[in-house]
Each structure stands twice: as C-alpha cells, then as structure tokens.
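The chains carry the letters A, B, C and D, assigned in the order they are written, with residues numbered from 1 in each.
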C-alpha cells in the first residue's frame, strides 16, 4: 500500500522532510511507521492524525493503515 | 456644632432625605447620629464616610464629629 | 491604572492599546465586561439605574487596582463603571488587567470584579416590568447577613 | 461559536457585539488576549512564528468551545488564533466567553485558554536575538514529561 506522511513544525525541521510518499507492507501499523522515523521515542511525544482525524497511536490493538492514507505527525500543542 | 448628613441610593429613598444640616451637641458621636435616623439597625449595614473618607462607625472609641463635618450614609456596595 | 465612572464604557480596542503601552513585558490581557441582562429572577428588565458616590467610588476603584497590582504582580489595569440609566444589552462595567503571564491575570481579574461589586460605593436599581428594586450584594458573596431590600 | 485561525485578531468591540447578539440573558463577557512579549527567559524576542494544522486546528478549537459550553453552561464563545509571523506587542490569541453570570465565565475562560495551549495543533517558534527555538508546553502545565526542544 501507499501512504503519505506529513511532518509539522519542529518535526519537519528535525527530519528535514515536509511530506513523503511511502510504499509499505500491508501489515504495517501506525506505530511501525512512527518507529521507522523516530526509533524508540515515546509516541506520546507526538500528535498523530490519520486522514485529518486525530488518533491515539497506542490505542488498543494499534492503528491499522490502508492504501491512500495520509498520516500527519505533529509535535505536542504549543500555541497561545 | 453643625454637621451635614447626606443619604445615598436606597437610604435616600427610605428616609426621603437627600441632605440635611443638623445642629448637634458637642459630644455626639457618629454612632449616635446613625441611631438618630436608623434606630438600632446594625451599623455594618451601612457604608459611612466623614468628609469623603470611608470610616468604621464602630471602630475603637467610636468616631468623634466636629463642626462642619459632612457625613455620608450609604447602603452596602451593589455595583457591577 | 485608570479607574473611573463613565456614562459609556470605552472602546475596548483602545483600552487594550493603552494597557499594552505600559510595558513590553505584557503577555496576557484579561477583560471582564458586565452586560445588562434582559431577565432577572424571572422578571423582564426595562433598565438598570446606577448611582455612585462620585468622589469616593473612583478612589476606591483606584485603591482596588493598586492592591491587585501589589498582591498579584499585574503590570497594569483599568476599571470603568457606568453611572446613570442603562438599557438591556448595555455594557455597564469593564475591568481589565495586563500581566506577564496568564495565571496572575486570571487571579487578579476575578478578585477585582468581586471587589468592585462588594467594596465600591456604587448602587444599582433594577427597573422591571413588575417594579423597581435596589439590588444588594448577595449575603454569600458579601460575607455578611445583608438581605435584599424592596422598594 | 466561532473558532478560527487568523492573520490578525479581530476587532474586540465587534466581537463583543456579536457575542451579545446570541442571547438577552448574557450578563458577563470574559476575554483573554495573548500578546507577544518583548523578553522571554531573559532573551530579546524579535518575533514569534506560528504554524498550525490548517484543517485540524479550527476543528479542535470548535470542539473545545462546545465542551466549555456543555461543562460550564456558557451561552456563547469565540476563539481566534494567529498564524504566521507576529511582532512584539502583537495580539496572537483571543478567547472570549459569554454567560449569564460571571462565575461560569471565569471558569470557562481559564479552562479554554489552557486547553487551546495544550490541545490545539498549533506551534510556536520564538525568534530571539540569540537564536530561534520551538517552544513547547511546560511539563507542569501539560501534565506530561515533555521537555523543551532546541533547534
């Protein structure tokens, strides 16, 4: 399957990436995807959205990805 | 001595008086003056100013009046 | 620090500009605005009538601002209170505080609004369809056994 | 209930007028305004740069307003948050709530301001004389062990 990943703010600068298209195994979960970029960093360090809906990467059973998904990886909120 | 007494808001309507000039014995205290108009009502029910300075009518020793004083008798605050 | 009685509450954007001028360290501005409600205790309100001790009220308001500055470390503040007749929807009170961070602004604002209502020699008469009443601070708020008086 | 990202925070007097329109029962309006400080942690600030998730941020802000309405019984509210570059003294955030009485307005306002800072996908970079830093929520505020990251 093909998945688009977008990085925001500090994470865009850290990775040097704004947006990438990835070809993944069908079994790849959201947690696998984050690990591929950020190693063992605590996933609670990120805000994650799939298809522009906020999700819990560590929710029960993990989050399954499917072809065409857009995954947004964002730093924690720091507005105001 | 002569003392001017002014009444505000609800107290002006209750007494029907806006401003009165009184001729008082030299020994008259602020508490005596309030009692003359309002009987035994708790003086904490009023805000009192003498010569446009807020005072505690029931302060230690009471408040002495002198010739020419202006006494303002006001209801408790209710702005906002 | 400006504290005054007014016929009409000032423009808020101008007030914010004025507060901001006092220091480049201001990071938070908090504003409370009192508005005349159309219904009070189930009665239709026609208007409110505010009376104040014209000399004492501004002095008390200024003192409350100074106390809030000392106690909460706010940088600047302003209080305006309406006097005279106010129709439904009219702005009748504005309390604003400017501070470095938001926490002290929240604390100072709430305390100031309560203090204005319970300490400033300002009185409010509610004129409703069923009559006119002098409103007094609720006992639980004022911390004394004061009941409302009807006229 | 309006929640949006803006280039420039709207006129406050217009906002108050708009909030008042939603009900004649409104008696209190509380507003928080965030301002860019000239000094941060002892460094001179040149500007802040705000970035947001353009689709998600307004949705999260709207949800926060709905939650505040349900939890505190406020009548109406509005949130505006700046995106892009903001100079010292510029208004960058405005949260306003309108309610029957002041207590629920104070509670809702403080909770909303904290929630905007800790839940909305909006990020802030501080550009100072000594360098540029992404600012992150302080651990004691966010309730998690997140440290600030320097770039």
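Methods note: a contact is a pair of C-beta atoms (placed from the backbone, for glycine too) under 8 Å apart; a residue touches a chain by one contact, two chains touch by 3 or more.
Keep in mind the model is a prediction, meaning the values are calculated, not measured.
Counting only chains that touch, the fewest steps needed to get from chain B to chain D is 2. Note: centroid distance chain A to chain B, computed from Cα atoms, is 73 Å.
Separating the centre of chain A from that of chain C, both taken as means of CA atoms, is a distance of 49 Å. Distance from the chain A centre to the chain D centre is 26 Å, each centre being the mean of its Cα atoms. The multi-chain contact residues of chain A, meaning those touching 2 or more other chains, do not exist; every residue touches at most one other chain. Annotation for chain D: residues touching 2 or more other chains are 34, 113. If you check each pair of chains against the touch rule, the ones that pass are A-D, B-C, C-D.
Touching chain A in their complex are the following residues of chain D: 34, 50-53, 55-57, 60, 81, 92-93, 113, 116-125, 134-137, 142, 144, 146, 149, 151.
By the touch rule above, chain D contacts chain C in their complex via residues 11-13, 16, 20, 24-39, 88-89, 91, 100, 102, 105-106, 109-110, 113.
Against chain C, the residues of chain B that register as touching in their complex are 8-10, 13-14, 44-45, 47, 49, 52, 54, 72, 74-80.
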